[in-house]
């Protein structure tokens, strides 16, 4: 057991897999000597050397193109896109090339690669460095999408993502980089496509992702004080989506609340809502309510950003209002 | 009244607005002398000249960057992205720049521009030239998203989009380019954010978009023969979304079926479903069912593509099965 | 215009006869594909390389079987030139289950990993960085493989071109970029929208590369510059960019008659057709008419057979539709 | 290294004093912003131009009020140099409602349309094509406006750079690209990941442009090449690309101590600090110490006042949060 921050867990997860498998390579901007702009990759260059851990120019298409070409010819690349907003400059490589090529070639090619990126708000970085893009990726057939919420999950899901033969978009909530928890020693390997039930309740099910998970947990505590007993599920993996766990937990309480950092339209919560009202409609006891960032670009000022992203308070108010109406 | 194809309606809509407003300019690849790869812009170069109708290099970022810079300084550009899949190569300009800049500058800038693009499948073009990307755009705060389904709507919604002071993503279903209907003479101007009720029924509401609209209508006819009386709503505009009309029509029948060309995850139908089960939950009489392309890249072969995209038959079967269960 | 001295020995007559055969095979195959399009058997779109065969054939002749080709939507020639049999390629154009990708890719995405054809890419520019990735992998693993990446003149104005060239140069990757300059984009003349006359060669210096231009309608000349560039790449001397001037005889894609091009230009280039030219050269070098006629017959037989076999292919079914989104062979997005 | 003969008359002493004042204002403003970051008053990130002031100041001096500036996340200097008052800029860094964009943009997105500051862009490369669009609009409307677009050395390797340069060249747009080569990206030396030594100037020929390099720590030299380039653009002679060599005194962003840089390099460049250098030059040209001290005092007063005014700003509220997504002033996505 050691106390580990979320950012340290990144490096530990990557190192664990690079030690195990020589074909794992890592490329991105400022990931080497600098240890990453979020200090998530400190020590990797030193341990694995400049051939396996390589700094690149500011050329995101080249970074992901290189990762794709390397993956199809036997390497297992990890590529960093520094801020998830920057996916927009290399989106073609992700959605048209990496995601589709296995299918188009009728399975001739496999793309065992991981693209990791700092996702979401909370650091007052403004609209071009704060958005939560998990749904951009979830929307695209052929991509797996993983979003951990604790240091331990970072390691385990990173390992699972690197070992997975399919392309994984691995989104790290920037707001969580400094969080710290105890993490067991030794190898940690988790399973993609598994949601985690963090709290069991009988009145309502809160489903959250990434930086919203600790907020949902806190909100559940406060709600318990108000007599509303909530289940909290951490989705962890949008694709594959653990619908077994999710539908079971939602059925059990009859009420679903999603807590999403993304702006509202076409968020994963909408997808989940539609699955629920298609498959377990008759188990529902009341409206499905989504708690999201409003459908606006994220503002920079601290006061404004705090208003925009779902807060514990907003979760509590929304749930209690809906449960009591 | 004249018979007009969908593709001819594009040029007529653009011409109508270029005649009216000198500040409307049009740029894209092969749009001038060639009249567009889909022949949607035939005659525009001849009428408006090479200064207002300009061929560009294969540089989608430059095309949309130019449109954005021109829009912020007083022009009203229309930019063509030939196939909607190509949005991926210039997505940054769309989502991080055009969509956010008005908000980030606290309203100092306005972006009256239209980006039009051939969207979706049906022409056996394969995975990189056939996808339906309406949800990519719907997901992004700051973009309006318009998808016409008839030649008359093309003209009216094109005019409304060009006159609108906000950036509009105007998606033309490639599968509809050859469809032909009567269109009134003279100026046609429609309103963004208005859905159209194409058929009124009492048992279920089918909500469709773009190329799925004629299929939903046909399916409704067949379902009527089976005693299932359906309302059919053409969404037409994903942002703004005409929730007034949609919720009213869904409430009235108590059953919602969406017909979506997009692959399933995070489609507009999921969003609509979530709005419905949040806001009119108690009006629902049964599950909300989504009929979509499966969550796969689109295959090229005609037989496979026809299996993938929702067909009249699949709509009929799905609705009747669900209504009779 | 700089040409480099090839570090390679010239081809002997047998090799040249093989190169002739390849060019003929590409030509006849695509003519057949066009006929079958007119019969409405080829669905969707397709883009022919008629007139440009010397490039695909010449470069392929300079490659080892373990090397990699990255092609575009105009990739029939590049695919066949690497030894992929005609039947699955044609069947793919017909959308049949015996197609190279069982109909799931189509004309624009021909891929045969077995033959080193690492995909055909239909979004302009994307495959340049991807080819860099394969080259990086060869470098990393210490194999002597070289990635060859074909693209058109119009593709030099897109961002990915720039990123890939710089990336290849700084990492000294074993990749050879081949720009097939056929003067036209789809319906627009490339020089009208390009700041320099030679869209690839005039930009080589921006990446610290030598400017290499070659007559793309001369298979021997193409072979020589390609062999030299590939040898450099194999020797760890980094990337090259070759600009090969050529012309497509037909339109951009199957439905385009190409009428925007001046008749005189078309005529000029038809006169430079690489295949009759190579035919004449072979006779000069001592090949016999009989030899050449036999090659031609042989190719026709191959095309005819492929036509029959392709047509005999089945219609792909739902099993194929839902197959191979993921490495587990399936398409499920949920647990 | 080619420099062009400016078609412009040199500045007189008063103009140079004004140019000195601008540089000082940028310097003192950013020093204050840094102090306030240490006091935890400046939230989020910010990127200082300390050491690079001669470029923003020199170029701005060559612009007309109607011309347009396109800046990056490192845009405080470029914004202030165009005459935007200090108070709203500082208040923006503090996230106050009296900020230039009421706190909605932040340090990386300073914009003042009123002053021709058409935005600061935080995704590398994006604003180069956008600046082309403004230039196109000026060309189309027949105004004499010129767009000036600043970017860094590391930004020359991204695709949008390439697309914009080609586009500007073929349409002969009135746009001037200014590459501030401060040798470093964030924490990586640009030459380590760039195929040429001078990332902008060595690539000018790929767009048919002249290669222009200038000492970016000499405001007069910057002024001269910028004035010449702007004059050419205004005269309809098309775009230019200027590479100005300089150095940032501090780290990449507020939290970065910049320790990856060799001490000797930092020392060398501190010795070339544009401001003391300009100070000396002004004295040589006949300005008095008193004049310069008075300018300094005046700037300090301005910074102090801005500090007070910015701090006095309110906290932005929900009305601002939900305002101006759309041109109707609101944020509703539904009817």
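The chains carry the letters A, B, C and D, assigned in the order they are written, with residues numbered from 1 in each.
Convention: a contact is a pair of C-beta atoms (placed from the backbone, for glycine too) under 8 Å apart; a residue touches a chain by one contact, two chains touch by 3 or more.
This structure is a prediction, so every number in the text was calculated from the model and none was measured.
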Need the most distant chain from chain A, centre defined as the mean of C-alpha atoms.
C
More contacting C-beta pairs: B-C or B-D?
B-D
Chain A to chain C: how many Å between their CA centres?
40
Express in whole angstrom the distance between the two chain centres, defined as the mean CA positions of chain B and chain C.
36
What is the distance, in whole Å, between the centres of chain A and chain B, each centre taken as the mean of its C-alpha atoms?
30
Give me the residues of chain B that touch two or more other chains.
56-57, 59-61, 85-86, 88-89, 92, 96, 103-104, 126-128, 141-142, 239, 264-265, 295-297, 299-300
Chain C, residues touching no fewer than two other chains
102, 104-105, 109, 121, 123, 125-126, 157-160, 163, 166, 170, 192-194, 320, 325, 331, 333
List the residues on chain D that touch chain C in their complex, please.
157-163, 165-166, 169-170, 192-196, 202-203, 205-209
Which residues, counting only chain B, touch chain C once they are in their complex?
29-30, 33-34, 37, 55-61, 85-86, 88-89, 123-129, 264-265, 294-297, 299-304, 307-308
Could you pull out which chain A residues touch chain C in their complex?
25, 51, 54, 56-57, 59-62, 64-75, 77, 92-93, 96-97, 101-110, 112, 141-142, 164-166, 193-194, 239-244
The chain A residues in contact with chain B across the complex are 85-89, 91-92, 94-96, 99-100, 103-104, 126-128, 135-136, 138-142, 239, 263-271, 273-274, 276-279, 281-282, 284, 286-290, 295-297, 299-300
For a test of understanding, state which residues of chain D touch chain B in their complex under the given definition.
68, 101-102, 104-105, 109, 111-114, 118-119, 121, 123, 125-138, 140-141, 145, 147, 159-160, 163-164, 166-167, 170-171, 320, 323-329, 331-335
